[in-house]
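Labels for the chains are A, B, C and D, by order of writing; each one numbers its residues from 1.
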Amino acid sequence: MVSLTTCINNLELKNPFILASGIMDEDAGSMKRILQEDAAAVVTKSIGLHERNGHSNPTFLELEHGLLNAMGLPNPGIDSYGSEIKKINNDNGKIIGSIFGSNVEEFEILSEKMQNYGVNALELNLSCPHAKGYGLEIGQDPEEINKIVRAVKQSVSIPIFVKLSPNVNDICMLAKAAEQGGADAIVAINTVKAMKIDIETKRPILANKIGGYSGKAIKPIGIRNVYEIFEAIKIPIIGVGGITKGEDVIEYIMAGASAVQVGSGIYYNGIQIFTQLKEQVIKWMTQNNYQNIKELIGVAHK
Amino acid sequence: MVSLTTCINNLELKNPFILASGIMDEDAGSMKRILQEDAAAVVTKSIGLHERNGHSNPTFLELEHGLLNAMGLPNPGIDSYGSEIKKINNDNGKIIGSIFGSNVEEFEILSEKMQNYGVNALELNLSCPHAKGYGLEIGQDPEEINKIVRAVKQSVSIPIFVKLSPNVNDICMLAKAAEQGGADAIVAINTVKAMKIDIETKRPILANKIGGYSGKAIKPIGIRNVYEIFEAIKIPIIGVGGITKGEDVIEYIMAGASAVQVGSGIYYNGIQIFTQLKEQVIKWMTQNNYQNIKELIGVAHK
Amino acid sequence: MNQPEIVKIESIQNETDSIKTITFFYKLETIPGQFFMIWIPGIDEIPMSVSNINNDNKAITFRVVGDATKSLFNLKKHDLIGIRGPYGNGFSFHGNHHLFIGGGTGIAMIAPAVESCLLRDEPVDVILGAKTKDELFFIKRLQKTDANVHIATDDGSKGYKGYTSKLTEKIIKEKQIDTIYTCGPELMMKSIFEICIKNNISLQASLERYMKCAVGICGQCCIGEGLRVCIEGPIFSDKQLLDISDFGVFNRNASGKKKNIQP
Amino acid sequence: MNQPEIVKIESIQNETDSIKTITFFYKLETIPGQFFMIWIPGIDEIPMSVSNINNDNKAITFRVVGDATKSLFNLKKHDLIGIRGPYGNGFSFHGNHHLFIGGGTGIAMIAPAVESCLLRDEPVDVILGAKTKDELFFIKRLQKTDANVHIATDDGSKGYKGYTSKLTEKIIKEKQIDTIYTCGPELMMKSIFEICIKNNISLQASLERYMKCAVGICGQCCIGEGLRVCIEGPIFSDKQLLDISDFGVFNRNASGKKKNIQP
C-alpha cells in the first residue's frame, strides 16, 4: 500500500492535494463540495478587511496554453466571510484561510479573525499580480514580508504559509525573508503577469488589461521556482502552477514540494481532478516501487 | 498595397520580421539563408570576448507548450566571429550584432569590434537567464544597465538595442534606465526561467538544470512586457516571444512593438515562417483596411 | 476556446421600449437554456441567454437595466461584440405535456425552448407574463407555432390578470402537465416550484447568478452545496432545488456578499 | 515530443574491444541514416545513428571516444537512458546497383541501410573498412544477407589492404554502380566524393557535426550555406556537397569555433 499522507510542519494532510486560493472557494457550499473529492484541504478565496467587488468583467479568459484572470481580489470582507467558514465541516479535510492586506496591521486583524473562525492554517497572499496596493506590490520587498510574517506569527498560533509570486528578480530572497519571519511554509507560485490583446477591437481583453497567467503553460515556471526555493530554505514548500496530472504532482514533489495546490486544473479536468491525481500518483508510485510520497520530496536535488 | 516597412529609430527595415538571437546564427551561411527568406534583419548569436563552449548537453528540449534551452552562451569569441559577419552580404537585409559581457569594459571592446565588422546595429544581451556572471545577473540592476549603455553609446555610432529579461520585479524601470543611457530601442523579452524534471530518472533534464522557456507559452508574457514598457518609455520596442503567426505579430505591434523577432517559431514552422508571417500580416491588414503597419504600433493603448 | 470571438451585429430588433434582440453569426451549437458571455469592449462582459437559434445565427434578447445593457442597447448594426460560450446545461425535455412559463425578460430564453420542444410533436402550453402589456414580447413569434399561448399581466392590461403562478395553478387543473420549464424573477420561480412540489410535476427552472468566469472555476456563481450555475446550471430540476437553500432567498453580488432576494 | 523518452536497455552486445551495441524499445518509426539524441543522465546527450531496426526495437552501435561514450559503454542491461528522435533525413535509395561504404564506426549505420536496400531486390555491394581487423564489426551480420561483402583494412590484416577509396575505384571498374552510400571519416568520404564526381556516380554521404538541439534551431550543426546537418542532413548528395565548402575542410566545436579536419 502506498502512503500519500504528508505534513506541512505540523499540519497533517491525508494526501498532498489542496485546492488553490481563488478557485471555487467563495462560499461554504463549494468548499464543502471540493472536500468531498480527494482534496486534503482547501484554501479560501483571498479575503481582505473590507468588501471589494474586484475588477469589472472581463475578468477571465482562456489562452492557447493557459488561463488569464484579473479577478482583482473580490471578496465580501472578513466579517461577512466568517459565516462561510463556520459552515464547513472540517471532518473531511483542512481549511486554509487566505488573507491579503495592504500593511502589517491589516494582516494582524485578518489573521486573528481567520483563526477565530476556525481555519487550520493561514495563507498570506503576498503575490496577487493585479490589485493595486496589495499582493505583489508588497510581496516584492523582503523586509516588508519579514515584518508582516513576524507580526502575524505573534497574532496567531496556527501555521502560517506565505504565498509568493514568480514575477520577481529573486524569489529565494523573498522565501528566506518569510522563513526568517517565522513562516511555516512557502506556497509557490501565484500567477505570472501576462496580457491578451484582441486585435479586432485593438484592446486588452481583460478590463484590468494585465492579468495573471495560470494553467498548463506555467508549470515549468512553477517547477523552477519550487526547485530554487528548496535550495534556499528549510521550511516546507507547497507547489502550485499548472498541475493537471499525476506526473505533474510527482515533478513538483521531486522539485521540493511537500504538497501541491490545484487551481486551473479544475478548468481542464473538472472537480474530479483530485480523484484523478490521487489515482495517477498511486499508480505511478506503485509501478516505480515507492511506498511513501514523503520519500520523493526534493529527490531531484543531487 | 500594404506597406510593411518599419523603422527602429534610423534603422530602416523592409518589414518588421527579425531573426532572434541564438537561432540559426552561429555562422555566416545560416544567417545568409535566413536573409534570403522574408526576414528584414538577423540578430547574431550573442558573442562574448572569449571562446565559450556553453553548457553541456542536454541544452535543449521541447515542453508541452514551449521550448526550454540552456545553451549557456556558447560562442567562438569576438575575434573569431568577425569572419562570419564579413561573409554576409548585407544587400538582403540588416545584421544586428548581439554581444554579452560581464562589465562595462567588455561591452565597450565588443561593441567596437562588432561595429568594425560592419553590423548595422548592436543588441546588448542583458538578459540571458542561465549564464553565471552575464546577462540577467547584470541586467537586473538599472544602474548597471545605464552605465553599460552609456559607455557603449560613446564607443559606437550605430544604433544600440538593449534586450531585457522578463524575470524581474519591474521591467519598466530597466527599460527607462536603458533609455536614459542612450539606448535606441528595447528588445523584450528574453526567455523565462523554467525547469523540467524527468521523473523517471529524478533529475532536471538540462545539464544546467534551469533553462529559458521560449515559444508559444510565453507569448502572453511577452505581450504584457511590451505593453508595459510602451507606457514607460519613448524609444521603439522590438517584441519577441512566442510568435508563430501573423496575428501574434499584430498583437505585439498593437501592444507597442515597432518590429518583432522570431526564434522558436522556426522550430514550429521551419524557416519558411518569415514568408508565412509576411503573407498572414498582409492578408490581415488588407482585410481590416490598414495600409501601413506603422499605424498599428501601440494602438491597444487608449 | 473560451475567449471572446468577435462578431458583427447582423441585425437589431426592438421588442419593447427597453428590450431589444441582437442577432449575430456564431457557429457553435447552442441549445435553449444555454447562455453566452457577451463582451461589450471597454464596458463589461455579461451573461445573456440565447433567445433565437437559426443554424449559425444566434440571438440574445435583453432589457436595459444598467451600464452594460445600456451600451448594448445603443449599439448599431455591424458594431462588434465578443461572444464566448455557449455555457451551461440547457433544458432537457421530459414527459408528454409541457408547460413553459416566461416572466419578464425570462420570456427571451423560453421562446427558443418552446420552439425546440415542439419538434417532439407533443402538446405544449406557454405562459408569457409581465407587469403590463407594454413589457410583453415574442407573443406573435410564439402564436405562430403550435403551442397554446397564454398571457398574464399583473395589471390585466392583456390576458389573464394576475401572476403567472396563479395562471399556472389554473392550467394544471385543466391539463395533465408533466413538466414545467420556467425562467423569470426568482420569487416567481419559487412560487412555481412550490406548485410543482405540491402537484408532483417536474420542474426545470433557469436561475441567474452573478457570473465572472462562466467556466466553473471562479466560484462566483455557486449556490447550495457548491453547484455552479454556469456549469451544473443555469437550469435546475425540482429535485436539485429542494437542496438549494439559497433558492429564492439570497444571491451574491460581485464581491461575493450575500444579498437578500427582496420579498 | 522532442523530450528524452526514458527507455531501459534491453540488451548489450560487444562488437569489438571498444565498440558496443545497445538495444532498446523505442516505438517511433526510424529509417536507416537517421539518428537519435541519446541522453546519459547526469553525463551528456550525444547523437547516435540507428544501427539496427527491428520493429519497435532499435539499436545504436558506438565506439568509446570520450566521457559520454565511456559512460554509455559501462551501462548495464536495464539501466535507463533517454532517447529523442529519430532526427535527420535518412538515406533514400536510387538507381539499380548500390554500393555501401562504411569506414570505422560508420559501419554502424551502414548495416541497417544495406538491409533496407536489399528489400528492393537489386544488386548490393558493401565495403567495410577499418584500420585493422580487430576494429571491424557487423561482418557476419552482413555476410548473412544477399549483399556482396568486401573488406578493407589499412594494414591488410583482413581483406583488401588499403583505403576503402582505393577498393571503391577497383569495384566501380568491375561493376556498373549507380549510387554510393557512405559513412566514415570525413576525409575518406571526401575521397569517395571525388571518385563519384569523376565517374558520374550518385553519392549519399552521412556527415557528422557537433549537435545540440538536433531540431534545427540552435545553428550549431550548420554547414555550407545554412544547411542544418540535423534537419537537411545528415545525409547529403553529391550535388549538395559540391556547394558545401566546409566538407572535408573544417567543422565546429561546441563553441562554434572552426576546427580544421586534420589532413
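Convention: contacts are C-beta pairs under 8 Å (C-beta built on N, C-alpha and C of every residue); 3 or more make two chains touch, one makes a residue touch a chain.
Not measured: the values here are computed from a predicted model.
K.L.:
By the touch rule set out at the top, what is the minimum number of steps from chain A to chain D?
P.N.:
Between chain A and chain D, the shortest chain-hopping route counts 2.
K.L.:
Hide chain C: connected chain groups?
P.N.:
one piece
K.L.:
Where centres are the averaged C-alpha coordinates, which chain has the largest centre distance to chain D?
P.N.:
C
K.L.:
Rounded to a whole Å, what is the gap between the Cα centroids of chain B and chain D?
P.N.:
Measuring from centre to centre gives 36 Å for this pair.
K.L.:
Which whole number of Å gives the spacing of the CA centres of chain A and chain B?
P.N.:
Their C-alpha centroids are separated by 33 Å.
K.L.:
Can you check how far apart chain C and chain D are, centre to centre, with Cα atoms defining each centre and the answer in Å?
P.N.:
70
K.L.:
Pull out every residue in chain B that's touching 2 or more other chains.
P.N.:
63-64, 196, 200, 203 - these are the residues of chain B that touch more than one other chain.
K.L.:
Drawing the touching chains as a network, do you get a line, a ring, a star, a complete graph or other?
P.N.:
line
K.L.:
Got a list of which chains touch which?
P.N.:
A-B, A-C, B-D
K.L.:
Can you list the chain B residues touching chain A in their complex?
P.N.:
Result: residues 63-66, 68, 140, 167-169, 192-197, 199-200, 202-204, 209-210, 213, 216-221, 223-224, 227-228, 247, 250-251, 254-255, 284, 288, 299-300, 302 of chain B touch chain A.
K.L.:
Can you name the residues of chain B that touch chain D in the complex?
P.N.:
22-27, 29-34, 45, 51-54, 56-64, 67, 69, 71, 74-77, 80, 196, 198, 200-201, 203, 205, 207, 263-264, 266-267, 270
K.L.:
Within their complex, state which residues of chain C touch chain A.
P.N.:
Contact set of chain C toward chain A: 1-4, 6, 37, 39, 41-42, 44-46, 80, 82, 84, 212-220, 222-228, 252-258.
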